[in-house]
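Consider the two complexes below, in which chain A is the common component and chain B and chain C are the respective partners.
Then we have the complex of A and B:
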């Protein structure tokens, strides 16, 4: 049996894991990114208690390694009487990580909108929420999108950590496959190719999108 | 340019007060950048503010719509009065900004919106005009500044002169009582500056009340009714354009004019 034949027989066994990894990534982005934007707004806002709460979330989310956060929630939730599946726990934990990191990127984007834009919005009567919603936010999002997309790719790779709390994602499927074929090296080479292919493809998309977004800036 | 729209200016001086500024001070900490600036303008007047850099010209202009917060003094525009000493309410500031239109040195068009959207968005969101109505008004304004063909473009595709004319149209769309210009041609090549000045001249001819911080001495002399000379955060003198430009009463003004006119 050649190298390739082997890989082709392994792929169907790994693909359910890949599906779990991708849906875990998708959910973390869907929940984590808006959470990050809300955190950024709370930090930039004038209400001190909200700012403190947001800073706490961000500093814990960035300060604790994603793996440690996973364990903390996985063992912490049941202590508090909350029983969640491993998958749900992973979604919450990694969304937190995503939110913490993305909030910094959102803040950088907001800060990068030229001051003249705020002044032009103000003098055009677009103060408060409308000015933010229609003038500042769209420009900030354009500036933040490339680093946010890179973060999304990093989060995809980080989902491999969910293996430690028994989420049946790609990494755990690979480990499983290794443990009954004893071909650990081959299995993990194939696994890394799968992670790599998706990462490279996603980053190529990011570059394409980056060019589109900077058209009018 | 667009002379068909230009009405001749009324011969007799208008009498309705448009702008009144009393005792305006502005300080950054202990550094006084504006000291007791007073100004009274009738409706329809065009005032140029000239003076060396660091004189406080732009700061004064930006105090009028509260982009800079003055430390003391009152500002009355139309029927809105704001007292810097009394922590003005958000509503009164909104109103002050509603009755003033601002044109910046760096245009500050919204880069993510098309030309038509730049002019229409404030009308739709602030004046609650319908989309169709706003677009129609925007198209009229665009033809007034000679740019009807550019309505679908994004600002980055336009020259500086075109961007500035659109910025003027955007400010006009909210029907301000007073237009404030902060060195509107300073970021432009002389040639592109001319097309902006032509639009401003038309606006003046139509009777718009205007305050223009400028280094364009020809504009100050030919278009404005009065010229205000500022230096070191205060007003040196105010007077009819001809008089200030030819027979200023202050030596400081003479020195400044010599320096800019001899270039």
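Then we have the complex of A and C:
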């Protein structure tokens, strides 16, 4: 069997793993990004207890390795009497990571909106929440979108960590395949190509989207 | 428990420090190639940087640790992780250096040339000192990221902080506590790095303003 014949036979065995990796990525973005926005608003807000809680979430989420967070929840939930599947644990843990990193990007976006916008909103009678919701937030989100999209690509790569708690994602499938074919090198090269191809394609999309977004600036 | 987790600190720091040093050194020829005027060299360098960054670190480690022995290159876990993280760090460091070099105005090169300085003395005396100041915060940030990434070495059996915490968690049913300690330990280890970077950055800034 040539190299490529092998790869063709391996692909169907790896693809369910890739599906799990992608759905893990999707769920982490769906839960993690709004969580990040909420954290950013809590940190920027004026209620001190909320700020402290949000800062703790962000600093631990960014300061500790994602792998350690994953283990923390994996061992922590059952010890607290909460029994979750490995997949759910991975979604919660990686959403925390996503939230912590994205909150910083949301805050940078909020800080980048010129002061004059807020003043202009106030003079137009849009004070408080409406002013924030309709004037500041849309502009901040527009500024944060490109780095958030890059973060999404990073999160896709980070889902490979779920391997350690036996979520059947791409890395797990690759390791499994390697351990009974003993063709570790070939299997991991193919796995790298799968990760790499999706990352490169996603980054190209991000760049395209960025150009479209900045069309009217 | 704490003693056992602390016993992993040495390996965590060893992998982080050596990978950073090797990565910083390997990044130099890489950035030189990336900025070379010879197109094939430039393409190879940017392909390397893109490929390294497009693949998750854990996949690199597995490729090196499980894949290479097939061709008779058997590395122990520590060496394999240092090799892996050095190769990854080289790509990131090259990008950091490039950003630093790009921040130097072209006028600096022109001025040095007008003074009769050659390529190497310009690089050494004019460009590097300025680029260094710009890149330092980015290098410190990357060092912290590398410290956290080094936790992945535990997956190929390096006895680092994460590995030791895992042992404690499995034997004592106190995983929550063990990994909380591990997490705080990583944060504690990255703090001096962050503080040192801020101090050096401030000191260099003052020097720059005086000059």
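We take it that the second predicted complex is superposed on the first by the 217 of 217 C-alpha atoms of A that agree within 3 Å, B and C clash if a C-alpha of one lies under 4 Å from a C-alpha of the other, contacts with A are read in each partner's own complex, and residues count from 1 in each chain.
Methods note: contacts are C-beta pairs under 8 Å (C-beta built on N, C-alpha and C of every residue); 3 or more make two chains touch, one makes a residue touch a chain.
Keep in mind it's a predicted model, so treat the numbers as computed, not measured.
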{"item": "Clash or fit (per the criteria above) of chain B with chain C on chain A", "value": "fit"}
{"item": "Touching partner for A:139 - first (chain B), second (chain C), both, neither", "value": "first"}
{"item": "Contacts of A:185 with chain B and chain C, given as first, second, both or neither", "value": "second"}
{"item": "First (chain B), second (chain C), both or neither touched by A:22", "value": "neither"}
{"item": "Touching partner for A:79 - first (chain B), second (chain C), both, neither", "value": "second"}
{"item": "Partner chain(s) touched by A:67 [first = chain B, second = chain C, both, neither]", "value": "second"}
{"item": "Angle, in degrees and to the nearest 10, that opens at chain A between the C-alpha centres of chain B and chain C", "value": "100"}
{"item": "Touching partner for A:50 - first (chain B), second (chain C), both, neither", "value": "neither"}
{"item": "Partner chain(s) touched by A:125 [first = chain B, second = chain C, both, neither]", "value": "first"}
{"item": "More chain A residues in contact [chain B versus chain C]", "value": "C"}
{"item": "Least C-alpha distance (whole Å) that remains between chain C and chain B when both complexes are overlaid", "value": "28"}
{"item": "Partner chain C, residues of chain A touching it in the complex", "value": "59-60, 63-69, 71-72, 74-76, 79-80, 157-158, 160-161, 163-164, 171, 174-175, 178, 182-189, 191-192, 195-196, 199-200, 203"}
{"item": "Contact set on chain C toward chain A in their complex", "value": "50-51, 53-56, 58-60, 62-63, 66-71, 148-152, 154-155, 162, 165-166, 169, 173-176, 178-180, 182-184, 186-187, 190"}
{"item": "Residues of chain A touching chain B in the complex", "value": "114, 116-117, 119-127, 130, 134-135, 138-139, 142, 215-217"}
{"item": "Residue numbers on chain B that touch chain A, as the complex places them", "value": "65, 67, 94, 97-98, 100-102, 104, 106, 108-112, 121-122, 125-127, 154-156, 167, 170-171, 174"}
